[in-house]
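Heads up, the next two complexes both have chain A, just with different partners, chain B and then chain C.
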Partner chain A sequence: MTQLADAGPTLRTAPAKPTHPGRRLLDGVQAWLYISPAVLLVAALLYAPFVWTVYLSFTRYDGLGNPSWIGLKNYTTFFHDDVLWVTVSNTLMWVGGTIVLPVGLGLFVATVTYRSKRGSLLRLPFLIPYAISGAGVAVVWGFILQPHGALNDILSFLHLPGGHTSLLLYRPVNTIVMIVAATWQGVGVNALLFLVGLQSMPEAPLEAAKLDGASGWSMFRHIIWPLLRPLTAVVVGLSIVASLKTFDVVWVLTQGGPGRSSETLAVTMYRDTFVANEYGYGSAVAVLLTLIAAVASVTYLRTQLSSKRNVSW
Partner chain B sequence: MGKILTRAVLAVMWVLWLIPVYLLIVNSVRSANDYATQSTWAIPHHFALWSNFMAAYHTAGLGQSLVSTFLYAVVSPAVAVVIGALAGFSIIALRLKHGFAWFMLIFGGSIFPIQMLIIPLFVGYADANLYDHRLGLILVYTAVSVPLAAFIMRNFFTGISYSIYEAAVVDGASAWRIFSRIYLPLATTALAAIFILEFTFIWNDLLFGLTLTQTETVRPVMTALSSLLSAYAGTTYNVVLAAMLFVSLPTMLVFLCAQRLFTRGLALGQTG
Partner chain C sequence: MRVRGRRSLLGAALAAALLVSAACSSSGGSANHGALSPKSKTGGETLKLYNDKGAWSDYFKQVGALAKQQIGSNLDPVGYTDENTYQAFIKASLRTKVKPDLFTWATGGQLKSLVDQGAVADTSKVWQDAIDKGYLTRQLEPYYTINGKQYCVPLNVAYWGMFYNKHVFDQYGLQPPKTWDDFQNILTTLRSHNVTPMYQTSTLFSFVWFEQLLAGSDPDTYNALATGKAKYTDKPVVDAMKMWAQEEKDGDFTDPSVKTQPQALLKSGAVAMVPFGTWFNTSMTGEGEKPGTDYGFFVIPNVNPSLAKTSMVFETGPLCALSSAPHLQDSISALSWWLTPDAQSKWAGSRDDVSANPKAPITDSTLAEVTKAAGSGQYNLINRYFEAAPPPVLTAALDAFSAFMVHPDSYMDQLNTIQKAADQYWASAN
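On to the complex of A and B.
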C-alpha cells in the first residue's frame, strides 16, 4: 500500500506519457463513455417523463389523440373539487401518523433493545412484517379488517363494540386503521435505522453519564436523544416524503373507497388518470403532490439545519 | 420502575405484532372446508397450504408472474449496480470534467415521485411497443435503481486511494481493466448491499406493474397478488393469504440471510 501511495508524486513530477493532447482528449472521451449509460437511462426514463408530466398537467388529454393546451384549468378544477379536502386531509393524516407511530415506535424498539444480548431476538417480531411488501401487508390486514373478519370475530367474542361493522367503511377510521397496518410493517425498518445510529454512538458520553448516575429515561432524554438527533432528522424526513406518496396499502385495501373517503393524493392521481382516463388532470395532481413533497422536505430540512440543538458527531 | 414499564410496553407490542403473523399462518394453511366452518382464530384441522397455493397459482397465473418478477428483480439491479459503478468510476477515477454536476444530475433522478413518471411511461411505452413487455419493465426498474447505485458507488470509490489508479496506469493497465479487476472487486460488499436493496424494492413494487403491464406472463407478482383480492377473482382469503406467503418468501429469505448487508445498504443509502 505504501509503495503504491509513493508512486503518486513521482508520476506527477515526471510526466512521461501524458500531456499529449490527443491522449488527453481520449481520456475525456473515455470518461464520457463510462458515465453515459447512467446519464442516458436517467435522462430518458426519469427526467423526460417528469418534464412531460409537467407539460401534460396544462392540457386536456385522454391518452388518445393529442393533448390540447388548457392552461391552469386542471389546477383550478382540482382546487374546486370536493375530493380535494378529503384526499389532502387523508394524506396529512398519513404523514402525521407515520411520524408518530412507525418512527416513534421504531425509536422505542431500538433504544430498548440495542444494549440487550438478545437484541436481535427481541426485534424479530418487528422485522418479520418488514420483509412483507405493501401489497402483502394490505392482504393480511384486509383479512383482519374485512366484514366478519378476524377483528370482528375477536370483538364479538369479547362482547366489545364494533364486532358487526367493518372499520374500513367509515372515514376517518378507515385511514386510521390503514395507518395502523402500515405501522405493523414500518416499525422494523425504523428500528433498524435507529439501531445503526445507536451502535455507532460514541461510548465516552454514555460512560460518563452512567458514572454520573444517569439511567433509563434521563439517560435517553439528555444523552441518547441529543446524540441521535441528526439521524432522527433524516429518518423523519424520509418518512414524511414516503408517507406523502402512500399508495400500495390504500389501493389494495380500499382502492380509495368507499366512495372516495380513504383516498390519498397518490391514489387520487392514479384513479383520475387510469380509471377516469383524465391524463391531464392526473398529471396536475401528480405535480401538486410533487410540489407538496418538495416544499415539505425543503421546509423540514431548513428547520433542522437552523436548529441550534442540532448536535453533530 | 422505568425498566419494568418499558419491558411491559415491549411485551405488549410483541403480542400485537405477532397476532397478525399468527392469523396469517393459521389461515393460509386452512383448507376451504375448515375456512367455511371454523373461526378465523382457531387452529386448523387440516394442513392445506400447498393446495391453497396451487389454487392461487391457477387463478392468478402466479407461476409465470413469479418467473417474470425474478427476471426483473435480478437483472435490473445487476445492470444498475454496474452502470452506477461505471458512473462512479468515471467521476472519481477517470476525473470526468464537471463530474460532480453530472453526479448531481444522476442522483437527482431519485427525487421524482413515481407518480410523475407513470403517465408518460404508459403513453410512451404504448407508442414504443414496450407496454406489457418484459423489456419495458426491466428498463424502468433499471433506471429507477441507477441513482442510488451511482450515489453509493461514487461515495465508495472516493475511499479508494487515487494512487492505486495511477500505479495501475503506469503499469500499462487500461481503464476497463482497472475498473473490472481492481475497483469492482474492492466494492463487492457495497455492490451486494445495493443489489439487495434494489431486489427488494423491485420484488415488492406494485405501481409500475399496475400501469405498465396487463397479461399474466408479464405482470409482476405484487400486482398479480392484488388482483386476487378483487371481487370477481372469486378466491377466498385462505387462498390469497397462502399466495401472499409464497410471494413474500424471496424477500423474507434475502432479509433473513443478509440482514447485516441489508442494514449496511440502508445506512449507506439513507444516511450517506
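On to the complex of A and C.
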C-alpha cells in the first residue's frame, strides 16, 4: 500500500505532452483499424443476423422470394396458438428440472468429493458425458427410453412397475425422462464449477466454524452454502438460459411430439421455421425466446448478485 | 515512435484488409463444389446432385459412373439425411452462388412453390421426347405439370402396399388378403398369437394409415381434401378415423414412439406387416432379406368392396435442375439421359426398386407384377398424402395424426385441428 501511495503523486504530476490535432486523428484512425476486424466480424456474424431475424418476425416469409410485411401478426398469432400453454409449461418444466437436477446433483457431487483423496476419480464418470454432444446423448437415451428399450427391460426383469410404459409417448412423462437424460450429461460440468468455488473458498471461516463445532450438514448449511452463493447464482443463471433454449435432446428423441406434447419454445421456433416453412413466425418465436432468456437471466443475476445479498469472502 | 506508429498503422490496415477480403471471398469455398464454373462450359462436367437421400449415396454413385461412360458427365451425389436441413439449403441456394446442378425435391405444393419463383428449369422437351420414346407414360405427366409446362423428371416412383414377413404368415397359415374381410382375419389371427400386426410411427409417416383407410373407402373424398372441396370433419373422413381409432385400441399397431428401424422389426418378426412404398424393398434387401422367401408384398384391399378399382397410393419424387444451374445444358442433358432404360435399369436395379420407365426391367417379380398392373390401369392410383396435402395443412395433419396415435379417442379434436389449418390455408390461397 505504501508503494502505491508513494507512486500516486508521481503519476499525477507527470507532465502532459501537448498533442497535435493531426496526431490525435491518426491515433483515432489507427485504433479503429485495430478493432475493425473484430467489429466487422461481430457485426456480420451476430448483429446482422439478429437484426434480420427481428425484421423477419414482422413479415410473412416461406424462405422463397421476398418477405411481405404483416406488422405484429406473428406475435399475436403466437399468443393465440393452441399449443402455447403446452410449450410454455414444458419449457418451465425444463427450467425447473434443470435447476433441481443437474445443478443440485452437481453441487452434491462437488461437495461430497472435493476433500476426498480420490475425488477426481469419483467425479470422472460425471464429467465424461459432458464431452458428448446433446444429439449424441439423445441417441444413446433413445435406446434406453424407447418401447422395449433398456429401461423397460430392466424394470420388467426386476418385476418393477413401468416395464411396459411408453416413456416417450405421454405428457408430462416424456418431458421428465428427457430432463433426466439431460441431467446425465449436465451434472459433471456443474460439479466442476462448484468444485472451483469450493477450492477457492477461504480457509479462515471454515476453520473458525470447525472450532465452533460445526460439521457435516450444519457446516454446509451455515458456512459453505452462503460462501458459494455468488457462484451458485452464476451456475443457476447459466442453467436458466441453457434450459430455455433446450432443443437438441427433445428434437432427437421426440421431435417435440407426439402431437407437439413435448415441444419446448426452442423446438417451436425450429418447427415453425424449418418444418412448417413459416420463417416469419419462427423468427417471432426466436425474438420472444431471446427476450425471455435475457429478462429472466438478467433479473435473476441482478437479484442474486446484488451487494446486499452478496457474501464477502 | 513515428515510424513505429506508421508501421503499426500499416500492419493494422493490412490485417483488416486481409480479414475483409477473406470474409468477402467466403463464398470462394463454393469453387470446390463446382458452383462457380462458367456456364458456357458444356460436356464432361461433374454435376453436383444434391439429394435428401443420404443413405442412397452408393446407388447415386453407380448411376453417376454410368453417366460418365455414356454422356461424359459424372453425377456426384451430395446427400442429406435431414429433410428440413436439406430444404433450407436448397431454398438458400437460390440466393447464393453455391447452387446444385441437379437436386431432388417433392411434387405437389412444394414443387409449385419453386416453379412460381422461376427457380426450376423447364423440362417440357425432355418429357415429350421421353414419352415419344416410351421412356415415360402420360400417366405420370400431371404430377410434373404446372401451368401447362413440365418441370423436373421422375427420380423414382413408388406404389404403396403392405410388406409382410412370410415366415410369420406361414407359421400362422396366413395368405395375402384379397378382401378387407381377409385382411381383418389376418389382424385377428396375429393378435391372438401376440404378434403385433402392423408398424406405425409418430414421426413423418404418421399419415400412412389415414390415407390408406380413406382412399380405400372413399377415394373421391380423399382427393377432394387435397383441393379444399371436402372438409376433414366430413362423414367419410370421420368414419375412417373411427375405424383407425378402433384398430389402435385393438392393438393392431406398434407403439408409435418405437425407434427401431421398421426393416429390423419386420425381419425379426416383432411386427408382421409394414405399410410402406415399394422403396422399402431397398431397406429389406439391405438387411439381407430375400424377397419372395423372407418377405412379400401385397396391395391392400379396399375397405369399401363396392369400389370399381382397388385404390393404391402412389408417389413420385422429382429430380430437378435449377434454371440458374451452374451447368444448365449438361444438367438438362443428364435429366434426359436419366430416363433412358440404361440409366433406369442401373438406378432401379441396384436398389431392387421399381422404375418410372416401363422399359426398365424390375428385378423383384412381385413388384414387377404390381407395376405392370398399375401401368395397365388396374388400380386407382391415389396421390400420396405427403404430396397431395398443401404444406401448411400437411404440417398440422402430421402432428394431429401423431397425437391421435397416443390418444385414439381424440380423433374429432385432431380432425378439427387439421380443418382449422385447412380453412386458414384455403382462405389465403383463394
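Just so it is clear, the second predicted complex is superposed on the first by the 278 of 313 C-alpha atoms of A that agree within 3 Å, B and C clash if a C-alpha of one lies under 4 Å from a C-alpha of the other, contacts with A are read in each partner's own complex, and residues count from 1 in each chain.
By our rule, contacts are C-beta pairs under 8 Å (C-beta built on N, C-alpha and C of every residue); 3 or more make two chains touch, one makes a residue touch a chain.
Keep in mind it's a predicted model, so treat the numbers as computed, not measured.
Q: In the superposed arrangement, which partner chain does A:Gly63 touch: chain B (first), chain C (second), both, or neither?
A: both
Q: Of the two partner chains, chain B (first) and chain C (second), which one does A:Val275 touch, if any: first, second, both, or neither?
A: So A:Val275 only meets chain C here.
Q: In the superposed arrangement, which partner chain does A:Gln30 touch: chain B (first), chain C (second), both, or neither?
A: Both chain B and chain C are touched by A:Gln30.
Q: For A:Thr53, decide between first (touching chain B), second (touching chain C), both and neither.
A: first
Q: In the superposed arrangement, does A:Gly134 touch chain B (first), chain C (second), both or neither?
A: first
Q: Would you check which partner chain A:Phe143 touches, where first means chain B only, second means chain C only, and both and neither mean what they say?
A: Both partners.
Q: May I ask you to decide whether A:Asp82 touches chain B, chain C, both, or neither, giving the answer as first, second, both or neither?
A: It touches chain C, and chain B stays clear.
Q: Under the stated touch criterion, name the partner, chain B or chain C, that contacts more residues in chain A.
A: Partner touching more chain A residues in the overlay: B.
Q: Could you say whether A:Leu211 touches chain B, chain C, both of them, or neither, answering first, second, both or neither?
A: neither
Q: Just checking: does A:Ile154 make contact with chain B only, chain C only, both, or neither of them? Give me first, second, both or neither.
A: first
Q: Kindly list the residues of chain A that each of chain B and chain C touches, one partner per complex.
A: 30, 33-34, 37, 41, 44, 63, 142-143, 146, 149, 270, 274
Q: Residue numbers of chain A touching chain C in their complex, please.
A: Listed in rising order, the residues of chain A that touch chain C are 26, 29-30, 33-34, 36-37, 40-41, 44, 62-65, 82, 142-143, 146-149, 166, 168-170, 254-255, 257-261, 270, 274-278.
Q: Spell out the part of chain A that touches chain B in their complex, as residue ranges.
A: Against chain B, chain A makes touches at 1, 4-8, 11, 27-28, 30-35, 37-39, 41-42, 44-50, 52-53, 56, 63, 105, 108-109, 112-113, 122, 125-136, 138-144, 146, 149-150, 153-154, 157, 184, 187, 189, 192-193, 195-197, 215-217, 231, 234-235, 238, 245, 247-248, 251-252, 266, 269-270, 273-274, 279, 282-283, 285-287, 289-290, 293.
Q: Of all residues in chain C, which touch chain A in the complex?
A: Its residues touching chain A are 5, 8-9, 12-13, 15-16, 19-20, 23, 84-85, 87-88, 91-92, 94, 113-114, 116-117, 119, 202-203, 254-260, 391-392, 395, 399-400, 402-407, 414, 417.
Q: Using the touch definition from the top, list the residues of chain B that touch chain A in their complex.
A: Interface residues on the chain B side: 2-3, 6-7, 9-10, 13-14, 17-18, 20-21, 23-24, 27, 39-41, 83-84, 86-87, 89-91, 94-97, 102, 105-106, 109, 112-124, 139-140, 142-144, 146-147, 150, 161-164, 166-167, 170, 175, 179, 203-204, 206-207, 210-211, 222-223, 225-226, 229, 237, 240-241, 244, 247-248, 251-252, 255-256, 259, 262-263, 266-267, 270-271.
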